[in-house]
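There are structures below to look over.
The same chain A turns up in both complexes below, where it pairs with chain B and then with chain C.
For the complex of A and B:
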């Protein structure tokens, strides 16, 4: 009976995660193309990756999207959570309005922002002209294209950070804050001495979940820039898709996606280790909260 | 917790208003675009209906006329795949979660926590890794572009999530209730089905809504595993926009249709979570 209960998820795990992973791993050492079969070519695909400018750019982009996007989303989300938490009326309505971008399918986010940022008929260009500034080629300039993607990703996912941090704030005990206020501490000090350390577990959870999701960035870029101009906004998922399905080079695309998987696993582990180190030095309240977090699932279970 | 910032009330409202404008404007833009003509779109950014441009219902006429079959197909597929896969993921997830909460497993070195981790760890893997292989495998067995294949893929996609959410819920259900049911002569399966699952209803509902939400918003699985027959709404939209001069008015109108279901899901979900927090942060 008990084996029957757990069997389906394990079956799915093996059938659609382990076997495909091994399959992709197998593909990555062949030159299989979409039309026919391929032959074993050892680690040639991987060797080729390291001299492939498109791949290297995509690799760097993926990491930069994660670092820049998640940082921006964390601080904005934290700020919003604090603002809304200190409100007395209208919390529910404001909260739903803040969550709005997160509810929208990323693909739709993509095409709406594509029209918003268009340099000929988009309202952002209109705003720049209205302010007598030079119109900015948001989507056709390599650097600005990259910045645009970070902005759009931040637009969509700051709400997620807000949600986790806001829920975290509401489960904190009240006493330490009242005591500190009676002692005459400034809001700034109360935030850094109490709120921030006590909120660390929720922060870690939010940052980790967001980072993992960020590595998969695909839909928004697919629509807004399509990876261009000249591969300047590519991500590894996007490259993997174009290489394997559009160009039909399954083996090479498989090698790319294996590198992506390794990067995610290594960086997620690193983040956890660094965070645990930091926490070990943090005050006792934070430590206990972390233990509690690690022992139990997240306060809000959005994965 | 009341960590009142000493920022003046005005400043707080201004900051919130600035973010609110940033958050809402793109949605507003999409809604008004759905009421524009091609000319109104390409002649520059018009922001205010009736002042800048005359609202037209051209897009909606196409949605309910010429393009109705395409859109209905996408909408129907999206609804079918999302709702059915969410249901399967929740039922299978609930049983597994019950097992993990109540029994001790030991498969070689793997115990309960390791099993949970294995299942949840699938969410860490970028979908592209599995999907390149799935594409090849599905093609071999004829599951490409089939409803069954898509439901299978989405169930896989959401099962880790439902197991994760529901394990916590199952742990909170008191054992005594099952003992009572056992005394009343219920077999184990009936105990779970008739006694435990109804008690876990809020958790099941939350897991269902989240699963639905994620399948509905998926793009990459549908992009790689469907061509025509089983295209979901996102793929229909993608095909519409793959033109030299995309008809943004039409795409926006379909986009509005695509936003409604996930939005309803989140609003209902928000109610659940609010109740949870009110009940003293049930953690």
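For the complex of A and C:
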């Protein structure tokens, strides 16, 4: 009887999560187009995806956005969190200012960055001209276009990392740090031996959440480069959107979505495994340090 | 409530009741007056919004419209509601989602919309699937039908029957900075460099020369170097239309009608023939005469930048002309010249597989996107009211008001719209010197070799594929030949998926081939 009590939430979960997933999976093995016409074609869509150079480029871009963007966001977020945490005055104001980019709608972010990076009248171009350097085609060169998207994504989402890590820092116990300081440990050692390992749970949550979100990167690319030049900044979500909803190729678009989903699941699992190992190692090192500390006789100062 | 109750109620309650009676009488008189007034816009087009006894009282007409065209509908809504007693509910759909929303609504029989206002290119697909009503039974009551320009009329027909009401005319034209072109120093320098007079370009080679000439120096006098050209080359936007407009001069051979996109006999794609390749080479070459950001510009961004004043040439629909009149955002009001799209002295022949060369320029203006048309949904429960509202939007008076009002996304499509520049000067646009603008639009709409856009089913997919590969060539990742060959291969696949014979039959019919 008691198991029946969990039936409603299970059914709800099934309805909002599993059914759409199964529907997308079913769609991905057909050549359905908008309007519903289509027939079963087996794994043809999947086979075609792996010879579709636009898909492969979008796939590679997506992975690179996740790896480069999340790495940059993590370290910048951590640096900011440590900095703000060590501040004595103005913490609230700085915290608010840091969080601002995250609150701006994507359309405005797109507009602001397009203007900032415009090679004719943007302030960045003005800075380059002031330094007697040639204006840089930030959004129109394939490589720089890609780098620009990483920069904008990092600018917008570093605050999210900051928020989680700063909250994590505030919850850490003070005693180990005080003890380390009394023992004369350097700031670097305190960070590496205490702060970083103790912050790992918050770091894992932040990295995992941002990685999953980064896989879905759409709006910034859509508004700033539209996936160009020549598909150099395309993402899987953008491709999926254009394939499914603009061109009406629902089956093919669904296959893209399934591949994206599988990639997210596999990579998220890998991240968890790696981080778990890191944590275990950190725990072990911490335990060893503690054992060693306890084994040593307390220094007795003789007057 | 008894009579006694009424009269013993407080004074303000009695006054309110009397007020209601007076209001009802006034409305009745007003309605009679409306019906008797022949000067209303409704009277211009028989049946359009006629008040009569408010024949659509209590009915609601739901209109699905692409978001940036909604003001061209909303501006007439209240008036029609007042005249007919019906209600209009306008559902604005972001343009990018419009096709999918309409198709899904139609195909699932959801009956969400009574009227769909959408790209005329989709009419054949919707008509063939019986998603929209054949409007032949209504057309006899439409008195201003003959005034619609011929090319726009053709867009409304499928199997010889009309399925839409035109609300917009879309043809791509060229713009140039008259002030720069008329400057004597510029003229002399240009002639010395290129050996011919500086004037609006008539060939793509001239267009390129002019773009080169005006690039990299301050001809506008604002202290900064200017550019020769501005075009919308960005991905996932209007690029395929602009590129097709450029290709038409090289690939739309009057000797082989209907061969711009496909060989109408075999449905073999034409888009990788040397005509299209030449157009793509030109489009790549023009990049260096515009700002680097041109590679990301869509239609809207291009227009906003062009009217800001640092570009000598542009290609666009009629929109740049209207936008240039807005002195809040434009610095070029009164400085704009117009030309029919440049042509070419050589044009590819798909039958002989050789260039046909001539001393005459082959001009092939392009009706890119085809313009907004309105159709009545086949599942509409209020088709008469829906037709009446569409007809009202297209009445002689209202259509003129719409095309001369900025921001409606409705461009000229009736002969009357082209004929009186003074009407444009007096309109909300306050168009300065509209004569040449209207003349070029009219001419572009009516040349014998004016080309229709691709209108067969899956036109969206054909367009997307072309855009993807052309973008690769523009970015320099692959050669123009390679890009167009790959696009052509993908087109073959799309045609086969849709059914080659079916696509061929419709393509031929829409191109006016037997």
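The working rule: the second predicted complex is superposed on the first by the 268 of 303 C-alpha atoms of A that agree within 3 Å, B and C clash if a C-alpha of one lies under 4 Å from a C-alpha of the other, contacts with A are read in each partner's own complex, and residues count from 1 in each chain.
Just so it is clear, a residue touches a chain if its C-beta (ideal position, glycine included) is under 8 Å from a C-beta of that chain, and two chains touch if they have at least 3 such contacts.
It should be emphasised that the depicted structure is a prediction, and the values quoted were computed from it without experimental measurement.
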item: Which superposed partner A:262 touches (first chain B, second chain C, both, neither); value: neither
item: Partner chain in contact with A:215 - chain B first, chain C second, else both or neither; value: first
item: Partner with the higher number of touched chain A residues, chain C or chain B; value: B
item: Contacts of A:245 with chain B and chain C, given as first, second, both or neither; value: both
item: Which of chain B and chain C A:119 touches, first, second, both or neither; value: second
item: Touched partner set for A:5, first chain B, second chain C, both or neither; value: first
item: Touching partner for A:64 - first (chain B), second (chain C), both, neither; value: neither
item: Which superposed partner A:92 touches (first chain B, second chain C, both, neither); value: first
item: Intersection of the chain A residues that touch chain B with those that touch chain C; value: 120, 245
item: Contact set on chain B toward chain A in their complex; value: 1-6, 12, 15-16, 19-20, 22-27, 29-30, 33, 41-45, 47, 92-93, 95-96, 98-100, 102-103, 105, 115, 118-120, 122-137, 152-153, 155-156, 159-161, 163-165, 167-168, 188-189, 206, 210, 213, 216-217, 219-220, 223-224, 234, 237-238, 241, 246, 248, 251-252, 255, 258-259, 262-263, 265-267, 270, 273-274, 277, 281, 283
item: Residues of chain A touching chain C in the complex; value: 31, 33-36, 54, 114, 118-120, 135, 137, 139-142, 224-232, 242-243, 245-249
item: Residues on chain C engaged by chain A in the complex (per definition of touch); value: 96-97, 99-100, 103-104, 106-108, 129, 224, 234-237, 291-296, 298, 458, 460-461, 464, 468, 471-477, 497
item: Chain A - residues contacting chain B, complex; value: 1-2, 4-6, 8-10, 12-13, 15-17, 19-21, 23-24, 27, 76, 79-80, 82-87, 92, 94-109, 111-113, 115-116, 120-123, 125-126, 155, 159, 167, 169-174, 177, 186-187, 190-191, 194-195, 212, 215-216, 218-219, 222-223, 236-237, 240-241, 244-245, 250, 253-254, 257-258, 260-261, 264-265, 268, 296-297, 299-303
